[in-house]
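Down below are the structures I want you to see.
Note that chain A is present in both complexes that follow, paired respectively with chain B and with chain C.
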Partner chain A sequence: MASTVIGAGIIIEGEITTDEDVVVLGTVRGKLSAKEAVTIQAGATVEADVAGGALAVAGTLTGNITAGDRVDLQAGARVVGNVKAARVTIADGAQFKGNVDMDV
Partner chain B sequence: MVEGQIEGDLTLRGHLTVAEGGSVSCDAVEAESVTIAGSLQGEVVANGAVQLAASARVRGNLKGSAVTIAEGARFSGRLDCAFELPQELGGSTREARPPAPARR
Partner chain C sequence: MATNVTVIGRTTRVRGRVSGDGDLQIEGLVIGEIVTSGNVTIDTHGIAGASVRGKRLVVRGAVQGDLLGEEAVVLEDGARVVGDVRAPRIAIAQGALMRGEVQTADDGPAAQPSARTHAAVKVAASPSPVRVASPPAKVPAASAVKPAPAPKSAPMATAAPARRPPPPVVPVLKKTKGQILKKKER
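And now, the complex of A and B:
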């Protein structure tokens, strides 16, 4: 499936809603809602509540995360916020502060 | 290493392992580092790393220098590890806290 890429030099303030996969390399402030996969890559900065099907985070994120399927915090990820998903993994090298709720 | 069941508080200087099938139910667990493959209910405070293996079932608050959650682990509660965030995201998550009491 085609994916929406928010490039490294882009700063978006506001609300993003999409049915496609989203890959974030730049900066997003506000709200990000996707139905499919959301990937926040290393170097990206997200200051937003994020909703998606499956979320992979390697960058910096402050905000609440809700995923229909799963959330993976990868090495290098720095996340402050609450995570709600049926499956959550936190890799060695990821830093996280907040609540985890897997009772979905 | 806990392979059976423990009810009550645990305080140790070394590494605590709750093996698969082991069960700990307590108000507070303090250890240098903690690996959980069994079930645990309560609050965990570690100086070092806290690792939840795939078979872990944990309900409570975890505090450590680094926390990892493996695929398949079930966790509900709060995770707390202090780290630096970029300035634009509010700087440090480290709260000002009084100096630690001298070690006995």
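And now, the complex of A and C:
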């Protein structure tokens, strides 16, 4: 359903900008800016600052996260970086190192 | 199924290099080199701003850069390509627009065209002095029998006698060329 998919095995080095949903199964280095949902699936590697509407992370992410709506760090996720969003959940089994800013 | 397919959606813009394994479907904009071991499809609204390398490339959108297909390159209706296309098999459908060099099979890449141009330059340069000196002597000879005047310059002489008939034009060109060259040298 998602309109943009970074498949497993694909490496993008650079800047990605989009108005639609993004699913990452491969590797992204650089910057990822989306307006809608961003899903970083298990097995994916993202070394980039990520911005989006709603972020779900199950893979490896190194970089700062900014979400307009929410951030969900799911079990198996490995995240190093700061998280800024109105709502943040960190599931049992997610590894996380960084600051959380929930606009309090 | 979809795990190994990468889709760059309509509103997605990528500035940077896209590489790796798996198929690519580009409906948005990619400004940067694309290198994959899988197939690449550049859809109607897709734009690739740099070279694309893959197994089988299908283009319905725009490409500014070279297309290199390990198996094939197919330019379909609506394709706009500015760049060289190289693949064992190449198809250009009606309605596809392209500007660039097309080369099927896996011959030597950029080295060949440059070698040809060098050869062309040499060919153009060498016969000119010969013609300046020879036209009056050869014109009657050519009208009589071909083989006689040949030995003067080996491969060019065979082609030269056929061109002999309009000699007046050639010397005029040479004079102007010589003058221009001399002026540039000074």
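To be clear about the criterion, the second predicted complex is superposed on the first by the 101 of 104 C-alpha atoms of A that agree within 3 Å, B and C clash if a C-alpha of one lies under 4 Å from a C-alpha of the other, contacts with A are read in each partner's own complex, and residues count from 1 in each chain.
As a working rule, contacts are C-beta pairs under 8 Å (C-beta built on N, C-alpha and C of every residue); 3 or more make two chains touch, one makes a residue touch a chain.
Note that the structure is a prediction, hence the values are computed from the model and not measured.
In the three-chain model built by superposing on chain A, chain B fits alongside chain C with no clash. Contacts of A:G98 after superposition on the shared chain: chain B is touched, whereas chain C is not.
Once the two complexes are overlaid on the shared chain, A:E20 sits against chain C while remaining clear of chain B.
Between the C-alpha centres of chain B and chain C, as viewed from that of chain A, the superposed structures give an angle of 150°, to the nearest 10.
Legend: residue contacts after superposition of the two complexes on their common chain; A:G30 is shown touching chain C, with no touch to chain B. In the superposed model, A:T89 makes contact with chain B only, not with chain C.
When the two complexes are overlaid on their common chain A, residue A:I10 makes contact with chain C while staying clear of chain B.
Once both complexes are placed on a shared chain A, the shortest Cα to Cα gap between chain B and chain C comes to 16 Å. On chain A, the surface touched by chain B in one complex and the surface touched by chain C in the other have no residue in common. For chain A in complex with chain B, the touching residues are 45, 47, 60, 62, 78, 80, 87-103. The residues of chain A lying in touch with chain C in their complex are 2-20, 22, 25-27, 30. Chain C makes touch with chain A in their complex at residues 2-24, 27-28, 32, 36. Contact residues of chain B toward chain A in the complex are 66-83, 85-86, 88-90, 93.
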